[in-house]
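To keep things simple, chains are lettered A, B, C and D as they appear, and every chain counts its residues starting from 1.
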Amino acid sequence: MEIVMHRVGIWIGAFLTFAIFSFLYKDNPFYKIAEQIFIGISAGYWFIYTIYNILIPNLFTPLSADFTQNWILLLPALLGVLMLCRLIPSIDWVSRYALAMVVGTTAGLFFKRYLQSDVLNQLNATMLNPFASGNIAQIIGELILIVGTITGIVYFFFSKKHEGAFGATARVGIYFLMISFGAAFGYTVMARISLLIGRLNFLLGDWLGIIKP
Amino acid sequence: MRVSVFFTLFILLLSLSLFAQEVTFLAQDNPNDDGEAIKLEWVAPVTIFELVLARSEDNITFTKIARVTPLLRTYIDDENIEDGKEYSYRLAVINDEQEVEQYYFSAATASAQWFNTDKISLLIMAIFLASAIVYFILHARRGGRLYIRKISGLDTMEEAVGRATEMGKPIVFVPGIMDLDDMQTIAGLNILGHLATKVAQYDSTIHVPVCRSMVLSTAKEIVKESYLRAGRPDAFNPDSVYYLTDDQFGYVAGVDGIILREKPAANFYLGAFYAESLILAETGFESGAIQIAGTAMPTQIPFFVAACDYTLIGEELFAASAYLSNEPNQLGSLKGQDVGKAIIIVVLLAGVVLEMCGVHFLKDFLNLH
Amino acid sequence: MKIFERFLTIDRRIIFLLIFIGVALPLIFMITFNLEVTENVQSVYELLQEMEPGTRILISFDYDPSTKPEIQPMAIALLQQAFTNRLRVITTALWPMGVQMCNEAYETVSAEYPDIEYGIDFINLGYKSGGMVTINHMAKDFRSTFPADAGGVPIDDFPIMKGIKNFDKIGCMISLSAGDPGLKQWVMIVHDTFNKPVAGGTTAVQAPTMLPYVNEQRQLIGLLGGLKGAAEFELLVKKPGFATKGMGAQSIAHLIIILFIVIGNIGYFVTRKQQDTIKSKKP
Amino acid sequence: MRRQIPMIITFLVGTLIIVSEFIPHKPFGNLSTTLEGWFLIISGFAIILGQLSLFKVNIIKIHRRTPNWQYYIIALVSFSIMVLCGILWGTQQQPGLLTVREGMLNFFGYKPFDYIFKYFFENLSATMFSLLAFFMASASYRAFRARSPESTLLLIAAVLVMLGRTTIGSTLTGWIPNSLNFLQLPKIASFIMKYPNTAGQRAIMICAGLGVIGSSLRIILGIERSYLGGK
């Protein structure tokens, strides 16, 4: 019996796959139906997993198991309920209290973490002695790295006109940015093709059985 | 020959093991914490089979806390440690037959620190940046003039609106798929205000499909104000700004439909984008529109750069928004960040020169570990 | 010279069709090419090789079925290497669907390792929202972030969780990531704040933006980038799977795309030259 | 009251989180830890909010008979089925309200929730994103033309990396002797990724990082209020 439902599942999967692919031709009812199923299931999944994996273990279980120890959790629970008030337009402003807490925490953490990881550590990682290695490719590479990083930052300098030597530096910066965009694009082609390989593997393997999945 | 090699090796090994016989063991307060951990460090020859760590509060009865190997070298004890209390530790060297060969002792008191000394360079940099940004915001608010260079894409945008008017076709503006809490959406909406004014002046039409309800109300207000500013409040069509759906791909399908139906002369994608960027740009190209994009999403910039006629790259989006809105908070912040960039370039150059001279002071100072 | 103008305006449906065929044929005829292991993949492998048996490592499943073809092979190969070396694996997910991806990977791999036991060598702690803030919280108070595993059983019941209060007793952290929240947030907290080694496996979309973290500060030890990264890793653990199989199709699809780029450029240069000559005749 | 108090909360929370980085001493360290624990719970509610508002928006659309309203019924139905299955029979690891009968497991092979996930959702989600493979191909065909110095650099970098990243690269240039191995395509691609790409990405990263710092600071100080919505 399981085989039957497995086969049924695969046929459903194949149907849905084609329904989505039909978008490549143009938007059509099959695509719309598949899309709405996708939205509905995805929302349902998030809903269930948030309850089972977050609200129950991190809120309800501690409260019901040992209330005197954990009563303080009522506070975030209250803020959470305030968050839900956004659904009711007349009192949606109360959700701002919860939002303020979320935004404040994120802003505080972002301030220090981005400063350290994306500014100071990157700065430190670029402070190199390019001639230390003695390997020609590495010397050239590290020189490129230092020059590219500096000129790139110069390109993003907004309070000075891009002219003269400064403009020329910014020009070099944009060349580096272009190389990195080209490289990123070229690298990314693989990502999307992989997804297509995954799909064809399903269609040709699981569904049609032409190849071994 | 072979015998002599073995003999030399034997002597070597013997002297090594003699040398490495020394075991040192030290317990000390775990630095830069809230006084709830003690750091144990040891140096022991790798030939030792196993080490056992034990802790005591009265220096008489020891309870085992962990089995470790010589290679591990450090262990942080954070089980029920109290601030200000002294703990004794014992390191037992165990041989292959599971017998204790020797004990080493050390004691330490846990304490909480008021300042994390590892983070000095982070603090200095944070204070520098925060004061620069706040200073320039205040400066701009007091009416001080701050120069922001004109972003070259802005001219292209205005031309595109003009071209749309000539062709009698609408323009489509997509403010990204994120909510108002994303700065990119705000920046996109600021630029929308400017474009909508031009649209009102030229008596052209604009479509603004959005995918968040909060963005909808804000975008509507912004477009309405623009028409008011252009002196044509009667020409504002409230239906030109509309909500499609919250879902990423549902939204893309909706926008694609609009682009294919309306055949706009120009498409603007300004805000936060994910995987949909390329679908939008490709569909827009098929319909023959001029396309101008701007996003700070690092993964999506390459697609927009490749597929659109003009792209505001990363921070340029925010700069364009500040330039157009002329709002002191944005201008001041941008200027403050520019000071940060200048500092970084100077420090970086200094660091590279010092490194080349073999002086590692600056690099070590900025190293946060 | 009409043909060169045609080069400029090939109907995109032709491209779509060729890509489809170009991916399908190598899959059917099992075309494969040789692979070389690159530095970034090698370092991830070595990181796990150097861990002592019994060390606990943290793997986070921060992706969903949409990127499964790229990342699932990495997850499987990583678990294989970990179990072969008797490392103990604690898994989490910052994306809710990561929990299912983790279950599927564990089911696949645990069949090959009959002596691996849930709760001793492996545990799935399930999904937590909150991204970077939550990572920061678990770094300081692991047990209150994860009071129970994905099935709701208290973690005190599992030997693998003994003594884990923060990241101190965790050997290294690996994030399998398809976007935000994901590898970037783990680097910022686990390495940059708490100084534990972090490695990652990402989609090829994300990899270029993560590469600046692979530096001499070792913010990232190594990076498996896209299907190629996964295939190289499969080569290292000597268990070729989906990724290795897919690389043939990748090569053909890439070749087709490059071919179209070349055709487009030939068309562009020839027609431009023609326009130039016309212009020079009629100034 | 409606704006002042949220701004004060943001300021206090944001400052506390930043300060706790530099002062490990009590109460700063454990206060910020507590707040982060709360954040997890509140963000859980925020996700629930997202799903409920999707539900609400769809009901409104159906009620108002907006264009294509029939399709939104499908979304509502699939959402409800998924939630019901999750509550009644649970998920793979979680028990639900009802006990799962042996017969049901034998029939579907999975619990209903997991069955829908595996056969419906996995296929839908994977196909949605695989559409991008086609758009990627057509975009690279028409976008990568050597029109200007910038686009030429874009084109060359993209093609070199594409060649080097797949096995074509090693096949094409594998014959180049090891003494000249820097001319092999995989080596060139790695070089591009490691140096010029990293340089460009790093410049963006540093400047974007400064941007995040600026906006976080404005939010904490109450200068930036757009997240509160409205005027």
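The rule we apply is simple: contacts are C-beta pairs under 8 Å (C-beta built on N, C-alpha and C of every residue); 3 or more make two chains touch, one makes a residue touch a chain.
Being a predicted model, the structure only gives us computed values, none of them experimental.
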Far-end chain from subunit C, centres as C-alpha averages: B
Interface ranked first by C-beta contact pairs: A-D
Centre distance in Å when subunit A and subunit B are each reduced to the mean of their C-alpha atoms: 13
Centroid distance [mean C-alpha coordinates] between subunit D and subunit B, Å: 14
Distance from the mean Cα position of subunit C to that of subunit B, given in whole angstrom: 20
Multi-chain contact sites of subunit A, meaning residues that touch two or more partners: 23-24, 32, 35-36, 38-39, 45-46, 49-50, 52, 54, 58, 103, 105-106, 109-112, 114-117, 119, 121-126, 128, 146, 149-150, 153, 156, 177-178, 180-185, 187-190, 192-193, 195-196, 198-199
Sites on subunit C at which at least two other chains make contact: 12, 16, 19-20, 23, 66-69, 126, 128-129, 133, 136, 144-145, 150, 152, 192, 205, 208-209, 212, 215, 217, 228, 250, 253-254, 257
Subunit D residues counted as touching two or more neighbouring chains: 18, 21, 29, 36-37, 39-40, 43-44, 46-47, 50, 53-54, 94, 117, 121-122, 125-126, 128-129, 131-138, 140, 142, 144, 154-155, 158-159, 162, 165-166, 193-194, 197-198, 201-202, 204-208, 210, 213, 215, 217, 227
In the complex with subunit C, residue positions of subunit A that touch it: 24, 45-46, 49-50, 52-54, 56-58, 61-62, 105-106, 109-110, 113-114, 116-117, 121-122, 124-125, 128, 180, 183-184, 187-201, 204, 210-211
Complex interface listing, subunit A residues touching subunit B: 23, 26-27, 31-32, 35-36, 38-39, 103, 111-112, 115-116, 119-121, 123-124, 126-132, 146, 149-150, 153-154, 156-162, 177-178, 181-182, 184-185, 188
Footprint of subunit C on subunit B - complex, ascending: 66, 69, 71, 76, 78-79, 274-275, 282, 286, 298-299, 302, 367-369
Touch list for subunit D against partner subunit C, complex: 29, 33, 36-37, 39-40, 43-44, 46-47, 92-95, 114, 117, 121-122, 125-126, 128-129, 133-134, 136-138, 140-142, 144-147, 155, 158-159, 162-163, 165-168, 170-171, 186, 190, 193-194, 197-198, 201-202, 205
Subunit D-touching residues of subunit A, taken from the complex the two chains share: 1-2, 5-6, 9-10, 12-14, 16-17, 20-21, 23-24, 32-52, 54-55, 58-59, 72-73, 75-77, 79-81, 83-84, 86-87, 93, 96-112, 114-115, 117-119, 122-123, 125-126, 137, 140-142, 144-153, 155-156, 173-190, 192-193, 195-196, 198-199, 202
